[in-house]
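Think of it as A, B, C and D in the order they're written, each chain with its own count starting at 1.
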Amino acid sequence: MPIQADHELSGVTVFLDPAGLPVLDLPRFARHRETLVALYSAMVRTRTFDAKAISLQRTGRLGTYASSLGQEAVAVGIASAMSDEDVLLPSFREHGAQLWRGVSLEEMFLFWGGDERGNDFAVARQDFPVCIPVASQFPHAAGVALAMVQKGEPGVAVAVGGDGATSKGDFYEALNMVGIWTLPAVFVIANNQWAISVPRVDQTRARALADKAVAAGIPGEQVDGNDVIAVREAIERALVRARSGKGGTLIECLTYRLGDHTTADDASRYRADEEVSSHWSEEPLVRLRAYLVAHHGWAKKDEEALLHGCRDQIEKAAEAYLATPPQPVRSMFEYLYADPTQDQAAQAGELGDA
Amino acid sequence: MPIQADHELSGVTVFLDPAGLPVLDLPRFARHRETLVALYSAMVRTRTFDAKAISLQRTGRLGTYASSLGQEAVAVGIASAMSDEDVLLPSFREHGAQLWRGVSLEEMFLFWGGDERGNDFAVARQDFPVCIPVASQFPHAAGVALAMVQKGEPGVAVAVGGDGATSKGDFYEALNMVGIWTLPAVFVIANNQWAISVPRVDQTRARALADKAVAAGIPGEQVDGNDVIAVREAIERALVRARSGKGGTLIECLTYRLGDHTTADDASRYRADEEVSSHWSEEPLVRLRAYLVAHHGWAKKDEEALLHGCRDQIEKAAEAYLATPPQPVRSMFEYLYADPTQDQAAQAGELGDA
Amino acid sequence: MPECTMIEAIRMALSRALKEDPDVIIFGEDVGIDGGVFRATDGLTQRYGASRVRDTPLSETAIAGMAVGAAAHGLRPVAEIQFTGFLYPALDQLANHASRLRNRTRGRLTCPLVLRAPYGGGIKAPEHHSESTEAMLAHIPGLRVVIPSSPARAYGLLLAAIRDPDPVVFFEPKRLYRAIREPVEDDGMALPINKAVLLREGADVTLVAWGAMITEANEAADQLAEMGISADLIDLASLKPLDRGTIRSSVEKTGRCVIVHEAPLTAGLGAEIAADLAEHCMTSLLAPIRRVTGFDTVMPYFRLEAHYMPDAARILKAVHNVMEFA
Amino acid sequence: MPECTMIEAIRMALSRALKEDPDVIIFGEDVGIDGGVFRATDGLTQRYGASRVRDTPLSETAIAGMAVGAAAHGLRPVAEIQFTGFLYPALDQLANHASRLRNRTRGRLTCPLVLRAPYGGGIKAPEHHSESTEAMLAHIPGLRVVIPSSPARAYGLLLAAIRDPDPVVFFEPKRLYRAIREPVEDDGMALPINKAVLLREGADVTLVAWGAMITEANEAADQLAEMGISADLIDLASLKPLDRGTIRSSVEKTGRCVIVHEAPLTAGLGAEIAADLAEHCMTSLLAPIRRVTGFDTVMPYFRLEAHYMPDAARILKAVHNVMEFA
């Protein structure tokens, strides 16, 4: 009498199909041109940032960089649903979410350029920096959510990780904590089908990553992660639920990593070009643009103005980044403890006048 | 469109109800008096061992001891289903399983008496010693199963942990590995409703611990852990499945910890006596004895002979244990590496002639 | 002033911290109604509520990770790991996050958490219940590591740890939980967590120890005194950052040093102390620096445990050895 | 004899191990078709099959724990952790199980596993990709810790690690993966993993280093030679257990010692070496023992990384300092 994962997957939430045709009534927020343009613009901005970052890396002016090409809707969808009082705990591929939250382009370049000042966000000051050890941000999110509860704050902690992250024990332990304490946390999985070279099917035999919510007794759901409207709608529902004291949700966004894992990776070693090109037809910008063109009179000149504006902004930010002198060498000692230690003082001395 | 854990729990497998009345046709193995008597005897032996261990601890002649009172059916049910070629990876409460597998009473006393020789089993030489860090035995089981596959051995790795163990990341990571590689492993949860002072409901919001299998895409099921027939039947099915190359299973045995967590614990601090006494009516020995009496002519003299035999055996083992001189002090250096290191030789010197 | 044991002093400090700062929160396995397996939190959930003194599921990684998140978002979590042997799953969060968050964000987010754990051997506990892992933690930049050796120091150091703006690992020598009583005033006074404590003064040799080894070192010093050898006894108390100054001054005076710890010799924290002295006090040294430590082997199961742990006799032997050096 | 890089030498050793022993199995993240993020396993899954060179899910704890189970049941797993910064979740299995299984069972079950990980800094990698955690591991009784510093030593030491009957942590200085070429014969000859290597001989000072710091120390020694100062250069190679004899003999000869490592100073492995010398070679020492190490702070993001890493200039300064000591 085995229990199998025999419940029906309730289906993947999607509003706009790859061609930009609505397959469901759009949620209220998506009826406003302004909102849709903002979402679209944020995705374009993200993609433009991405291209610039890669070109800076290729020319030795940025460090190893993780492109979010093809996943812009996940990041933008998440952040656009969030309020200021919420806290974002991103992995390393949510550039679009960070930008929407107010992290500046220059800060982003600084971080990926190997400078801690890129994490000293001028706004979104409660948001966490990019998390490199996969899945270790999920317990942080449980902790942030716990702090919100204790302090009676209305916020929700929103952590994002990849499909690979769902195999880690910390993801699971944190999910279980969210369940047990009914914490206001939303865990988002950006399932881009690959963890470096390991495809989704080799990551877990769970039918859906959203199914893992069952192990913690909280709801899980799948959304089309290339439909920014679907992502935002699902996150909004989860945020409302969390804010009303009903606890956490696991949301799996189905998307695809169109680029290499990072600039240090060569995906052609392990996946077929045809697979990648087949996914280009589903990417998130095209479909929203098509919808804007068809329903909101988005014209060529709008598109050009947007692109031009983005490029301009990003070029300026890149220039500012490139012109930023490194921190003084002694800065490496200045932020470790609130008060520098004797050892550090002695060791800083070894640096001489650098 | 959230996915909820909306699948039906398929129900808890049980053959003998608390009164010993069969509620289902008994499986084939349970139709033989001999088999049933062996199962019953093993449970009685386990409980007798338990009582002796506690009394030795109370009189300062054994270390902290974890009683398995009330959970004998889980341990005996598991081991009785296993073959010699299988490997048992127990937590610290499966005395009945270890005894069935051939670990001697004296070895058991030695181990709990703080002597490593208790882990140098004369038989069951591939079985793992008791695992103290909760849940860390589950990845070992995945590794043992992997070795069995690589070597073409017919065995299955059987790991056992408690309800508390299911909250740990290593349990989950290992379960996922078993799923992904279709490994011949059976993970058994002895859900005794408590992890020291933390009740099952505060361990996870998952409806059933068996549900956690969903997160790894393998089957999970619940059995009445106080019905040794049910435990053995479910484990047997899982072993057959694993041996036939179909992969792992998670089995949750519902039982109850009738004693303190260990001899260092005082459960009256955190749970009501009434709760405990209510569970005495469901404990595993009574029901099988009732069935044996009703259907197999188990007589008072059989019972007395059994008890007497167990006590006798156990007293002898305890005496042998108490008479065993400690290992030479230098033994602490002799088993760390295959070849002792220079440092150790130097340090052993410091021990003088001890 | 009431006399109390270390476990009572710890409970007193925790209770005061909960009372004085609403942001203090305690969580861990069995810290609630059970009051912790050693009773450090006995009565606290009843007194301060189950939302401030919380039982967690059995999840050391999440306990540490949650503490990081909660601390960064304004709480002062005091998390308990039930035994140091079960701290390993928490190390990733300590080393990769707790210790770095301030530095990574140039001070924007900070991590004022305390991770408490019963530490060390000597109580005939089961396997994996007697570990001494302080050296691993003391190697991690950005952490503080504190180990008290008496009830009063436990009280004052724990309060300091909780109030400190940075992450502190607080190891409690479980062998001392109930071994000593001393007067402890619940006056809310913290002790400095960047200073070693000179417990007794002497002229001939410096003994450096911490935790339960203070008792052994002290006993050795008593016996030495009878033989006319007087010792400085330094309780390190704060192991990271290390108060090198106090140790160096003492050794500059005595010229001899014996370091005592329970953890295995190789790469134990005693090595750092000896290395520091070898570098900075070489000309003062009248004899080699000796370390009296646990051996480089797994602590034996408890039947032989006593042979593994350093004791006054082994310390005396080392002291005689350095005194006789010519 | 073909010249090869360290990464090629490692691949050659792995390939030979797979070929010579059917019980050898490789698993880890991206070790399969991708060949590992540094290509250490490039082509191996194609050659030996996907069942012997296996991609795992993203699960460091399970990778280590499975390696323990597989090793105990007769395989010789060579598991890869993608970077040392992601090794922390594997520590529980290393410290609580791998290192102890033989001891716990009085030799009945053993744990012949190798855990490989790209190690150290110097390649301008992102956060958490440049860690040096060897001291934490070297503190754990029952483990071996090995770090090669050249292609040929990588080949011979890795073969030895795989054939060793006990668990070995094998850290590969990623900065050297492609930095040096030297002739490496694929002859299946292992190098001893309990011996340090005297790389150059001198009379005036002993330099002790490992991994990528050998390159810096060697450069320093070259420059010293020009100044008429000759150095013994010891490549520790096997860090645990430590070959104390080789170091002591050298220092007894030279009377001076400078130890170099990338990891932070405090409680780094340099401390153990200095402490050992301070205890056993005191009378030979002509000058204080100096350590040139990473600082006691988180390695800065890569823009400032170079200022954190010890280099020949810092080593020279320390050597001059000990040479001038009077």
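One rule holds in what follows: contacts are C-beta pairs under 8 Å (C-beta built on N, C-alpha and C of every residue); 3 or more make two chains touch, one makes a residue touch a chain.
Values in this document were obtained by computation on a predicted structure and should not be read as measured data.
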Is the number of contacting C-beta pairs greater for A-C or for B-C? A-C
Greatest Cα-centroid separation from subunit D: which chain? B
From the mean C-alpha coordinate of subunit A to that of subunit C, what's the distance rounded to whole Å? 40
Chain centres from averaged Cα atoms put subunit A and subunit D apart, in whole Å, by 36
Which whole number of Å gives the spacing of the CA centres of subunit A and subunit B? 44
Touching at least two other chains at once: which residues of subunit C meet that condition? 56-57, 59, 61-62, 85, 89, 92, 96, 103-104, 127-128, 141-142, 241-242, 266, 295-298
Taking each residue of subunit B in turn, which ones touch at least two of the other chains? 116, 133, 167-170, 173, 176, 180, 202-204, 336, 341, 343-344
Contact residues on subunit B for subunit D in the complex? 87, 89, 116-117, 119-121, 125-126, 128-129, 133, 136, 138-151, 157, 169-170, 173-174, 176-177, 180-181, 335-338, 341-344
Subunit D touches which residues of subunit A in the complex? 63-64, 92, 111, 113-116, 132-135, 164-165, 167-170, 195-198, 202-204, 264-265, 269-270, 326-327, 329, 331-333, 336, 341, 343-344, 347-348, 350-351, 354
In the complex, subunit D touches subunit B at residues 23, 25, 51-52, 54, 56-57, 59, 61-62, 64-75, 77, 89, 92-93, 96-97, 102-110, 141-142, 144, 164-166, 194, 241-245
Listed in rising order, the residues of subunit B that touch subunit A in the complex are 1-11, 13, 167-170, 172-173, 176, 179-180, 202-208, 210-222, 249
Would you pull the subunit D residues touching subunit C in the complex into a rising list? 61, 85, 88-89, 91-92, 95-96, 99-100, 103-104, 127-128, 133, 135-136, 138-139, 141-142, 240-242, 263-264, 266-280, 282, 285, 287-291, 295-298
